[in-house]
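Following: one structure in structure tokens, then a few remarks.
Which chain is which? They are A, B and C, in the order written, and residues in each are numbered from 1.
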Amino acid sequence: MAALLAQLLLTGLATGAIYALVAIGFSLLWQGSQVVNFAQGDFVTLPAFVMLGVMGYGLPLWVAMPVALLVSLLVLGVLFRRVLVQPMLRHGVMPLVIATMALSIFMENAMKNVASAEAYPFPGLSGGIDLGPLFLDWQSAVTLLSAVLAVLALHLFLSRTRTGRAIQATAQNPAVARLLGINVDRMILITFLINAALVTLAAVLISPAYLVKFNNGEAIGLTAFCAAIIGGFNQVRGAVAGGLLLGVTETFAATFGPDQYRAAVPMVLLIVFVLFRPQGLLGRREERRV
Amino acid sequence: MRLSATRLALGSGLLALIAAASPARADFTAPDLQIAVPAELSGSGASVGVLWRDGVHMAIDDVNAKGGVLGHKLVATDYDTQTNPSVSRAVIQKALDGHPYAVLGPVYSGSVKVDEELTKAAHITEIMGGEAGDLTTLGDAYVFRTGLGQAQTIPPVVEYMAHDLKAKRIAMIWVNDDYGKGGRDAFLADAKKAGLNVVADLSSEVGQVNFQADVLRLRASHPDAVFIYLHEEEAARFLKGARQMGVAVPMVGGTTVIDSQTMKLAGSAANGVVGFSGLATGAPMPAVQNFVQRFQAEFHVHPDHNAIKGYMAVWMVKAATEKMGKPDATGLAAALHGLMIEPASQPGILLPMHVLANGDVDNGGFMVVVKDGQQHIIRIMKPSM
Amino acid sequence: MSHARHAAVLGAALAALVLAGLVSFALQPYGIYLLSLWAVYTIAATGLNLTLGYAGQVSLAQAAFVGIGAYTTALLMPHGVPFGVSLMLGALGCFVLGLGLGFPALRVQGHYLAFVTLALTTLAFLVMRNETWLTGGIGGISNIRRPAGFASGRGYEFLCLGVLACVTLLAWWLLRSPWGRAFMALRENPMRAASLGVDVRAYTLLAFAIGAALGGVAGALYAPLVQYIEPSPFSLDFSLALLLMVVVGGSGLFLGPFLGALVAVLLPEWLRFLQDYYLVIYAALVIVLLALCPEGLIGLAERHLFRRKGRA
């Protein structure tokens, strides 16, 4: 039993690490410019397809990755902000929220038209190592390690560098940040770029197991979305905590709970948090913005 | 003025081009027969519905190239159900308003259930791709399958597990929709009769991407064999996850686990998987292989059983019409019941097919094992006569 | 808005209904079915418009409310409960659920109603699918009978249009009542409304609950229209589709849902030639519309007309 629990914990953490990566980007966008990005899951699918496209020319994965990163930074970072977010923000938050829903429909169907409704295999690591009662497969190990490194790097960047601190100041209060002489516009752009990089990393890590399909984003996006809220919508640390908590809870629930209701787990957690702890695990209470 | 003149020239040029491009009208003296093709062309069922539609179109081209049905040309009109029952009902109504000769589709059982009422009321034959068991048990005399239903495909699987594998403890994983639930219920009933002990009964979601918890739970139940009833992609994700976690027990399932798409996606993880299928694309028969090659050449995708089913649906219409001697839309269903269709007279039917009294068909099937991305037939089941 | 303008809007809505009734005499069963579907969508979207357009809250649960209404009717009618009563019960159930769900969500500022309603849609879907003893599960409920006297396609269309007319009058009265005026004030400027003594949260909550009840009404009509229900039409996709209907027509405008639902029903017909690209183009058009004119097509038309008038 103890072995099973340990195994579940390990598996849950590896799953949660992915949720955390996608959820962090989600939180960053919210902090940077009040974007509730309902297309976040599809943001993970796009770089996966780009990599497949590049590999379709016979190029190896390590060539495809930087290409996908570049495309992500350009399309999901710069273009997304310039074309969709900036023109829309003057109308308030709500049209923007709905626009990202429309964007999700747009992206999924565009990817379906280009790449067909079929799923595609994606290269990954196979095999693993038997640690007595535990079994650690290489793919999960790499996923966990990469996610931890990425979060650590992001944390150091945000807390130790001048730019990082400027980004945090911007997220907390753009007006004050501007008074302090911070280039708010540039800081917001950087948060969009960080999000684009995170979803690309997530795409590399999950595609071997999840395969690449036009509507994969629905499942990934919803869970990341719940993770971000559960952890604390306005905190990067919160997104990490929420992602891991959700990954572990989901794995345990799918093992011990009524499996016909497994999809309810993130949703029930979400409702419980909204009821009893709306600021999330680690979040601050949100000040009212006018 | 000049603009409109240019437009006129352009327009007439285009018309001439279209006229030149369309083949000279074959000598069809009789009026056309309208075939309505409602299918899941968008939404979650698109990967299934598009193959069905392409199969139907290929068959219609084949039939027309050989003079049509009793000299009548078949003309298809496509309708998109958007994988949504209420839209499905709308488009079937639209199709019926145009008085079609037959309705071929849709594939999803939920959509078929909505449509059945309408085609029955209009006395129009509906040949569909659904596999759910209850579609042909409701006493609708106008609805037909083109392939085996779950009542026919599950028993051979249970028998294989009990006799060939001598398995006692079975873990099962199924997708919680009408397809998976139907397969699961049929399997449970048969497994009980065969004395199999189901030690794990795992429900999973459509589009589920993460199967790690399922694999862990399955491993913890220590089964002798695993029964898989998932859609192609989910089956591939599950197989990869199971192999990755070192699950080595035999895996057996329905048509989808040995599907070409599953094999492509799961790669080496699909090796050794056994499944029972109605007409499989891997069937080592010249007629089937010829179909697969031609389909691939025309549509640039590998066909699956849905493409074959759509293809055969048209030939069922042809066979029944020729039996009647004249096209009679309302009599088509009666002509189909009990019909025995032979590939000798209807080459597109690929294998001898017996249309049963309730609208089910029996055209035999194959027990298939996957080796290195290829289907290898273990056993051939002949249709009941 | 002037008194005359309000009356004109109501007149336009009712005229549209009469027109829809008359047009049906020239249509095949398919066209009649589409018009009935339009009426059902319009009712659901009108409810959502109260939440989104007037109270400024995104709700992703409208599909769940439609589903609850549909299942209530489908389950009660075979037990001899009259259609009108089961419709009312479904609406009441949605109203109560809306209050229960909206109350905690609206305590918190921000987008929490969107999050909670998203969760509700998923949960409702799971219950409909898994509780086979009640809902028939995946197999759904077939052979749903239409109420006596409205069995034919056109008869049932008239019933849908009749209910839509009632909903239209109700919504119009609601927005014209003192309650509705406070509501408008709320939309124009929440801070000022609050300082004038309008209890923002109570109004928003009530708007959401009434919107939910209208979703239930739409569902009650949907089940006998399609005559078969199963869980999948009531998933998140339908909530998104309804949301887009409100936005495309013009959120916060009385006639917005009428036009938005019409576009949703007819556009797939008109854009058939686009085939697989239909949804891509539809989504892109919605984004462009939102960027140019968040008040939707009606807002766009009004702006255009006023500019013309100003010039003349």
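Here is the rule we use: contacts are C-beta pairs under 8 Å (C-beta built on N, C-alpha and C of every residue); 3 or more make two chains touch, one makes a residue touch a chain.
The structure presented is a predicted model; accordingly, all values stated were derived computationally and were not measured.
*Asks:* Chain contact topology under the given definition, line, ring, star, complete or other?
*Replies:* Complete.
*Asks:* So which one's got more C-beta contacts, A-B or B-C?
*Replies:* Greater number of contacting C-beta pairs: A-B.
*Asks:* How many angstrom between the C-alpha centroids of subunit C and subunit A?
*Replies:* 32
*Asks:* List the centre-to-centre spacing of subunit B and subunit C in whole Å, with centres computed as mean CA coordinates.
*Replies:* 36
*Asks:* For subunit A, which residues are shared contacts with two or more other chains?
*Replies:* 109, 112, 260, 263
*Asks:* Taking each residue of subunit B in turn, which ones touch at least two of the other chains?
*Replies:* Residues 42, 176.
*Asks:* When you check subunit C against every other chain, which residues touch at least two of them?
*Replies:* In subunit C, residues 129-130, 276, 279 touch at least two other chains, as defined above.
*Asks:* Please output the residues of subunit B touching subunit A within their complex, sorted ascending.
*Replies:* Answer in residue numbers: 42, 44, 46-47, 50, 176, 202-205, 207-210, 212-214, 216-217, 220, 232-233, 236-237, 240-241, 243-246, 261, 264-268, 301.
*Asks:* Write out the stretch or stretches of subunit C touching subunit A in their complex.
*Replies:* Result: residues 52, 56, 58, 104-105, 107-112, 114-116, 118-120, 122-123, 126, 129-130, 191, 240, 243-244, 247, 276-277, 279-280, 282-284, 286-287, 290-291, 294 of subunit C touch subunit A.
*Asks:* Note which residues of subunit A are touching subunit C in the complex, please.
*Replies:* 36, 84, 87-88, 91-99, 101-103, 105-106, 109-110, 112-113, 222, 225-226, 229, 233, 260-261, 263-264, 267-268, 270-271, 274-275, 278, 286, 288-290
*Asks:* Considering the complex alone, what residue numbers of subunit C touch subunit B?
*Replies:* 28-30, 33-34, 37, 129-130, 137-140, 142-143, 222, 225-230, 232-233, 268, 275-276, 278-279
*Asks:* Which part of subunit A faces subunit B closely enough to touch in the complex?
*Replies:* Residue list for subunit A touching subunit B: 4, 7-8, 11, 14-15, 109, 112, 116-121, 126-128, 130, 135, 137, 139-140, 206, 208-211, 213, 215-216, 218-220, 250-252, 254-255, 259-260, 262-263.
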